[in-house]
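One structure, as structure tokens, below. Some questions next.
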Amino acid sequence: MTSADHTATHLTGVIPPVVTPLNEDRTLDVAGLEAVLTRMLDAGVHGVFALGSTGETAFHPMSVREQILRETVRVVDGRVPVLAGVVAPQTAETIERIDQAQELGADGVVATAPFYAITARPQIQRHFELLGEHASVPVYAYDIPVCVHTKLAPDMLVDLGTSGAIAGVKDSSGDDVTFRRLVAMNRAAGSPLSLLTGHEVVVDGAYLSGADGSVPGLANVDPEGYVRLDAACRGGRWDEARQEQDRLAALMDIAFGVKGQSGWGAGVGAFKAALQLLGVTASRQVPQPFDALDEQDVAAVEAVLGRAGLLPRDR
Amino acid sequence: MTSADHTATHLTGVIPPVVTPLNEDRTLDVAGLEAVLTRMLDAGVHGVFALGSTGETAFHPMSVREQILRETVRVVDGRVPVLAGVVAPQTAETIERIDQAQELGADGVVATAPFYAITARPQIQRHFELLGEHASVPVYAYDIPVCVHTKLAPDMLVDLGTSGAIAGVKDSSGDDVTFRRLVAMNRAAGSPLSLLTGHEVVVDGAYLSGADGSVPGLANVDPEGYVRLDAACRGGRWDEARQEQDRLAALMDIAFGVKGQSGWGAGVGAFKAALQLLGVTASRQVPQPFDALDEQDVAAVEAVLGRAGLLPRDR
Amino acid sequence: MTSADHTATHLTGVIPPVVTPLNEDRTLDVAGLEAVLTRMLDAGVHGVFALGSTGETAFHPMSVREQILRETVRVVDGRVPVLAGVVAPQTAETIERIDQAQELGADGVVATAPFYAITARPQIQRHFELLGEHASVPVYAYDIPVCVHTKLAPDMLVDLGTSGAIAGVKDSSGDDVTFRRLVAMNRAAGSPLSLLTGHEVVVDGAYLSGADGSVPGLANVDPEGYVRLDAACRGGRWDEARQEQDRLAALMDIAFGVKGQSGWGAGVGAFKAALQLLGVTASRQVPQPFDALDEQDVAAVEAVLGRAGLLPRDR
Amino acid sequence: MTSADHTATHLTGVIPPVVTPLNEDRTLDVAGLEAVLTRMLDAGVHGVFALGSTGETAFHPMSVREQILRETVRVVDGRVPVLAGVVAPQTAETIERIDQAQELGADGVVATAPFYAITARPQIQRHFELLGEHASVPVYAYDIPVCVHTKLAPDMLVDLGTSGAIAGVKDSSGDDVTFRRLVAMNRAAGSPLSLLTGHEVVVDGAYLSGADGSVPGLANVDPEGYVRLDAACRGGRWDEARQEQDRLAALMDIAFGVKGQSGWGAGVGAFKAALQLLGVTASRQVPQPFDALDEQDVAAVEAVLGRAGLLPRDR
């Protein structure tokens, strides 16, 4: 874990939030997970993020979460850092999950602000300080107000970075104005934080604002595209980046066009349907209380994949 | 548990959400919990609700939650039904907690809508159906949009009651208009649900609307007052009820006046400070990342208790 | 207007927000307005509120708003106080409307917090102070967060009452907990404010909390019911009040059951459909961009009216 | 106006929302407005937007709004198109303002979704259709959920563009993900809409996403910077664009650092303080119920301007 500790301290590049393939009976599809991860690693991703929102962190019993992380660490086998989501409503439970994640070999952990109980900024800051004091691997703050109903203030994040409590931020806040300010504040403080965007259709703009990397759910479907996009952005080839991004944004219609499911079930349901259509996994099953996409939605996903030239028969 | 199954199926009266007294080191203060519960039982409450939001459900490691419920069941000793909060972000984890709660002797469980991942009505309804199918004790739906950011639709609740999935509702939605509609719909369906209000300053109005009972956090401080209020409401002595309610609403200023803490920490912090001032518990400690009320806020709580004639020296 | 100034300073009882009947071509139906008002006055209402949200304050050109208020003042003819809505996004325009309303004979005006531009509490307080300084008739604060996206703080309202800036509050906040606190704070300050609830299905509970009166949109359909409800509440006959309220709450299903329209269009659309079915007005037309209820929704309204025994043939 | 009709149909480039300089007594400072506009025109802006949120559209009596637009048209004198905000809570009043704006010589109008009354998508779409049918100049949709509490759906906007109801969108939604989708949908429909971003610190990213122009409030302070940024983006010189944008984002700290005012008053208050410090206007006055920035906040604005090298003595 020593080397991992190093590699996870200032992450850059593409770190996809890995979906959790399930068998029809909703148990973990280990072979499917292996296939998804191998495809990402072959594409050249720079890290993987297990047990994120996309990875069904909230949906599985604790024993299954341990199994997911264990298998992920086994398959990745040290080739890239493995981040683990440690999402829980409050501090004590988050700390329990940090302990589990470390024991199972995670190179870094990703934690949200507290949720459920109403919690103000001083307590949110203290929460991250406690996590940082406790963890022996780097802690990333997960800014996802659509789930936790709190936006993390950029000055607080930079303070937490300066004090060493957190190593970076996964920004899924949908607030590009504040992200630009966060970049500027972080730079002024000596760049203690690695800043990663979670919005797969505006990665190019986030890089232009100063992002260090991306955590795109859609990279489950097209990891090569995101690796190319990352390279173009880092190389300053912005028009090439824009074209790749426009192509990937069109591919994201697999999620935006879903009609039979909504919210979480539409996005992750579409990623899973695409992986099944691409022959990567055997099933598109999702956890209770959601249902897998129905035939009509699968046909729509297939049409988008076809237009994008991603289906086997189109290649 | 057989008799418990019966008593928790149509709860009425005062069922306080019990605070979780802590020692200074944030371990469970078993003697304090015993004192709080004994005081409630002596006052004549009709049930107790452990591990609710007030009871720090979200804040403690799983092992401590088990300890809290075990001790609660032990102290109550079958005198009234014990409800247990089984609050978790999604279905699978909620079911794990139902199993634990049943094993530890809970007579009913209280579950919220899923939170964290965005979940629409069909999935929320399925969530409660799955809980109802799984549980062998009655399931109460906890309508608390301030925490889970979803309001439970009254027609869905009545459908879930009619199908037997849930036995009642704890309404902490702050929406008295919809509560009145829920009462009417429930009555039209043959009253499958027991309807309990969680708003301690308008219990009289909720009873006038047709509530079956209340789950008032403030009953940790003044259980006798809520038992009197319940009796007055059920006896149709509305002017008496109103006077008692006005007195209790004034007492609620212990929470509304807190300056050093906010949100969850202000409300539960004030209840705990009052219990310490009343000599019921030794400490007013709260879990991380919150702090106990500071001296200035404690003085304000003391002043309110004094005006209400509740302090030992005032009696 | 001298006497009116007096009568509007501490309003009590039933003060319905009057709908604005329209001809099919969306001009003001003066005869319809006269019929609606006469029916209310005959029922014994204690005031009327023109140009509220129900009265289409936001929907008509300024010239039509003047016509609505002029006709209302003419028909009421001093028998009860006439309140006029002076709803505008900011202070200067609100003051223009206060001048118009006073000129046209309003006995009091009803103003919201500023909306559109983001405005914090100090500016909201200053807004009401400026209105109070300017107006020669009493100003009522309209607490309607669902429209203006700000909740008026109870201590600010009582401060504004104590300083003489406002004479009362129309509470449409849907927050019965804070309303109870507002009543208590107002009482402690010597009751400078008249406190009126705008929620037609929980008027009994609001009176139990200490309301001085109600502003129920549904009183357009059944003014007699609300006059009876008011009398029962004021007489302390709470069980009678509750029965009347339950009957009126069931009648409110005319609005809750609408399928073809939503939001504002469902509520006011249903009131207008009911008035047409009752033979009070000739048309159920509503302003652009809304449409009148369609035949299917009208049939549903008719069924509710029938069950309530309000249709001519049922009498 | 014929030529103006043409130039406002597919706007591109920098179209600043012009502040409304006031004298200390809160009357319009005509000389100040002339100075602000002349500075913008000298810098090479491609249009101006009067009576936007920044331009105090909501704050002034109708007569003053007419004066503002009249003077703006007079000063601009046909050199660039003049857009006029026609912000009103509902359709009928918006149409009145369109008539006024056209009469006073506006080349295009900018209208929000209805606000105040709760209005769903079909009515919002109808609202814009009615505006488009009525107006003889191009109508721009103003997507500003922070003020009107509705987000305009991208497919609705493209439909309205295709039918000719609207000519473009001013996007102040803060939702860069949906903006990217709007660009793609607009392109697929043949680009009926001109798409303008209102977020001054991420204009480069918006251009990368496919924006046609920007409406930056900060261009009141530094119009030349935004003209340079626009040229760099349109020329594909993205690294140059990014540097200019980073500089302008740092300048935006004049607004983010304000302590004595909040919301609208902080942003526009800071722009006005900067213009006073730059010697463009004589006063930094703002309309009731807001106050101009206090000395401490002015000093903070001055420090930011100094760091940016914008103060006269720094040049």
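Here the chain labels run A, B, C and D in written order, and each chain numbers its own residues starting at 1.
The definition used in the following text is that contacts are C-beta pairs under 8 Å (C-beta built on N, C-alpha and C of every residue); 3 or more make two chains touch, one makes a residue touch a chain.
If you're wondering where the values come from, they're calculated on a predicted model, not measured in any experiment.
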{"item": "Chains in simultaneous contact with chain B and chain C", "value": "none"}
{"item": "Chain centre separation in whole Å, for chain B relative to chain A (CA means)", "value": "36"}
{"item": "Averaged-CA centre spacing for the pair chain C and chain A, given as whole angstrom", "value": "50"}
{"item": "Chain A, residues touching no fewer than two other chains", "value": "none"}
{"item": "Contact graph of the chains (line, ring, star, complete, other)", "value": "ring"}
{"item": "Contact pairs between chains, per stated definition", "value": "A-B, A-D, B-C, C-D"}
{"item": "In the complex with chain D, residue positions of chain A that touch it", "value": "174-177, 180-181, 184, 199, 201-202, 204-206, 208-209, 236, 238-239, 241-242, 245-246, 249-250, 256"}
{"item": "Chain D-facing residues of chain C, complex", "value": "53, 58-62, 64, 87, 89-93, 96, 114-120, 123-124, 126-127, 130, 146-149, 262-265, 287-290"}
